[in-house]
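Take a look at the structures below.
You will see two complexes here that share chain A, one where it goes with chain B and one where it goes with chain C.
Our next item is the complex of A and B:
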């Protein structure tokens, strides 16, 4: 009996800690969302009050949807995030497969070299990247952002995925080779499905910094046609006057797509289809 | 079906040589088993025959064709793995027919080959299931079926029974022996279990540290071991090794199998005390501690009552004793 009680006590304590953390983490998001539905006066008067008939105002959303090319910004963010994610996962997985599967001279060094980017922030190279993009004529294009974000995401992807690929059964890959599958088919049809949970983890870790980034869009692609949503929201923040309704509405809207992507990937995290491949 | 020939096959990883020049001929239709302790290179050798490992030097010939540098899929071989290695996303039917599809065979030919293999292994009810919905024994039968469908010149088995439980292991062993008779195919089988080797093989190859210690039929190895290693490895329980100096003085060591030691309460050549008794019903194993030779095993048929601590006497059957020199080689 005593044992179960301490067990329950521990469980309550753990839940209390986790719930507190969740509340702290979600609080800013909560404040942004509730205030985006309120009038300007209500935002400043009672920032913690939920929206209700007295202070209800959709002026923020109407401003956002009318002013600027907000839909275009959304599309830009989406294009950049999805394309970068695709390339990070594709090239990251391919490099990881090569590093974990083939014995060649310098294998370990190559792996360390590819993982180096985890420790060195890509922003240190901003000036060089800008010079590079200027001479390549890629300034103010989404391609520039996709290239930079792919480079930024690859180190972690290679590092995590190569660890996971080492755990995929050699027998399975060899059975494929004996049955006449090409190395590409072995990679795409046998190995990738088995490391899907790891791919989803990498996708989540890669996606969020890209979606939220303000730095590179501001430097490499600030034109009206290539603005991302984070950069687009900044038009409402002026030096002297800030349209808070619009800023909060824009941020609330910006949460939605990333939430949807997250839900898609997290389902992959949970679903394991490895059962039955090997004992 | 084809004969397999290895000549001076060598494998090195960097500077370490793991396979040290192996010459071997497996005749058409023969069942050849590689046995040896773990790390002896038997699996590496099998993977070299399959083409999954490069051959550092020497050549592999199958059915008169040099396949040393060919890709695994071109070698006309099939392999059954210890972990089954079934494709998790395909049904049993698709698992078995994938290789033929890759080779571009006709639909009718594929269906016929799959149906034949499924009926041989009683897999018809499971053809539309996925591997995850099968038991371990069924999965291994699918893996064997996948090999049969290809009608290869050579079957390779890499410890196929190791992941099965004891009862299933015996049943599958009998199944493999039956398939070998029905198909008449050349098979190479790797195991560390000498019982599997003895029961299945036409020819056993005993390996140690990348070198062939002895090649022969199961009974040749049992009755005529070339050295102490083979003598100790083949036969269960293990052969007893006695100091020759205390017996007839011939050679350094005298090997005598547990079934060739006579146990008596009255008297004999070697005195000792019973240290442990294992009763298996059909046979009784008595472990006797002796002063000069250490622990010796005696195998008696039927049921016998010996108490631990009881003084006993042992007499080796001199006609069945093997004599080994100081280097472990047999003296003839």
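Our next item is the complex of A and C:
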């Protein structure tokens, strides 16, 4: 009897703490989104009231959509993220396969060399990267961003994927070799499908920092045609500091796509983190 | 034996793309930056000056004040993360991993949401909420009778940096939470059952059994926090601008590097001093990582199940 009571008490305390923290985590986002649908007067008079027929006003959204080319920014972000992700996963998986499958001289050294980038941020090479991109004529192109993000994502991808590839059974690969499959066929048709969960983990870890990065778009591709959505909203919001309706709507427009994507993939994300990242 | 084996070209083919891109975009520029920090302009020509840029950076009063200020601010930024973010992350993970907890998936998903938002969103959202003009923060403090505690935190020199560090903690607490949560889940059930047999439950079980087992994960989190913090830039830039106001009180190494390299207002950009700052950051991160790898990680006891 006493035991069940302490159990119940402990679980209530746990729920209380978790619920409090959940409120802290969600409250700021919630306040911004509800106020973006309200009139200027209601934003200031009753900031915590949900939007209702009396205070409903979409003036913020109309201002934002007239001014900034948000659709173009969104498209740029998509292009950069998807292309970088593709190259990180393909090149990373190939290198991880070579490191985990074959014994050759310098294998360990190559692994260490590729892992160096996990600890040292690519940002510190910015000065030289900019000079390189200027001399290659790639400034203000999405290609520059894709190249940088591919290099940035590779170390972690190779590290995680090679751990996983060591666990793929040798018998399967040797059976393939006996059947006369080339090493390339073994990689693409036998090994890649088996490490799909690890690829999902790597994809998530690579994607979030690329989508949210402000530093490289600001330095390598600040022109109107190549702005990513993160840079676009930063510049745009900066211009409208005093127009509260527009600022709140711009923030909501920047939050919602990421939030929807996250809620769709959150199950895979959490499974990926808890299954692979720390082992 | 080895001489009879044909050259295995496929190894090269598998390795080449990753190694080429990584070397060309990451390693060579990194060394380029280190190299550039040894040069300076003499009129129009780039000349080799050895370590003179570093002497200027650490010793010349025009530069060293700003540098030491940024370095100290950066350390404070890191201290706040270690003292607030990681304990909260561990607490949340410990609660989430208790076996009979309902709605664990909901909490996990919700608490991780700030982590997926960009710095731009996070910076502006908190700027609005803490703004004295809008009045959400003073209004909420007023509701619990604490309105007198409110101050325009982001605008006061003595509070601004701590406030920004706490905002960053709010954003990233999901990462330690997830990593510790994963580590706690991987503790085998028989270890827990044996502890329960011995009468260890609840918090004493956490302190005596689980915490020692997850120490390696806490080490990884600390080093990730360190690298992330000494490389931070975006949040400060979004919330306070490149000048890291008020009066440079929120200036950290990242914003200092940006200002030096690209210039701001009346000061011209200086790639050589910028490279010197980047090299100093590189050195700091390298020293921190080495202290961790050789001083701490080798002393952690690992348990195999």
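Following the convention adopted for this analysis, the second predicted complex is superposed on the first by the 196 of 279 C-alpha atoms of A that agree within 3 Å, B and C clash if a C-alpha of one lies under 4 Å from a C-alpha of the other, contacts with A are read in each partner's own complex, and residues count from 1 in each chain.
By definition in this document, a residue touches a chain if its C-beta (ideal position, glycine included) is under 8 Å from a C-beta of that chain, and two chains touch if they have at least 3 such contacts.
On a predicted model such as this, the values are computed, not experimentally measured, just so you know.
By the document's definition of touching, of the two partners only chain C reaches A:21; chain B does not.
Once the two complexes are overlaid on the shared chain, A:184 sits against chain C while remaining clear of chain B. Of the two partner chains, chain C is the only one that A:233 touches; chain B does not reach it. Applying the stated contact rule after C-alpha superposition, one finds that A:212 touches chain C and leaves chain B untouched.
In the superposed model, A:172 lies in contact with chain B only, and not with chain C. Chain A is touched at more residues by one of its partners, and among chain B and chain C that partner is C. Within the superposed three-chain model, A:102 lies in touch with chain C and out of touch with chain B [touch as defined at top]. Once the two complexes are laid over each other on the shared chain, residue contacts for A:194 go to chain B alone; chain C is not touched.
Where the contact sets of chain A with chain B and with chain C meet, they give residues 273-275, 277-279.
Considering their complex, residues 47, 50-52, 71-73, 77-79, 81-89, 98-99, 102-103, 130-134, 136, 139, 146, 158, 163 of chain B touch chain A.
Residues 10-11, 14-15, 17-19, 21-22, 24-26, 28-29, 31-32, 43-44, 47-48, 87, 90-92, 94-95, 97-99, 102, 104, 110, 114, 116-117, 119-129, 131-132, 147-148, 150-152, 154-155, 158, 182-184, 187, 208, 211-215, 219, 230, 233-234, 237, 244, 247-248, 251, 254-255, 258-259, 262-263, 266, 269-270, 273-275, 277-279 of chain A touch chain C in their complex. Interface residues of chain A facing chain B in the complex, by the touch rule stated above, are 169, 171-172, 174-181, 189-190, 193-194, 273-279. By the touch criterion given at the top, residues 8, 10-11, 13-15, 17-19, 21-22, 24-33, 36, 88, 91-92, 95-96, 98, 100-101, 103, 105-121, 124-126, 128-129, 134-136, 139, 170, 173, 178-179, 181-183, 185-186, 202, 217, 220, 227, 231, 233-234, 237-238, 254, 261-262, 271, 274-275, 278-279, 281-282, 285-286, 289 of chain C touch chain A in their complex.
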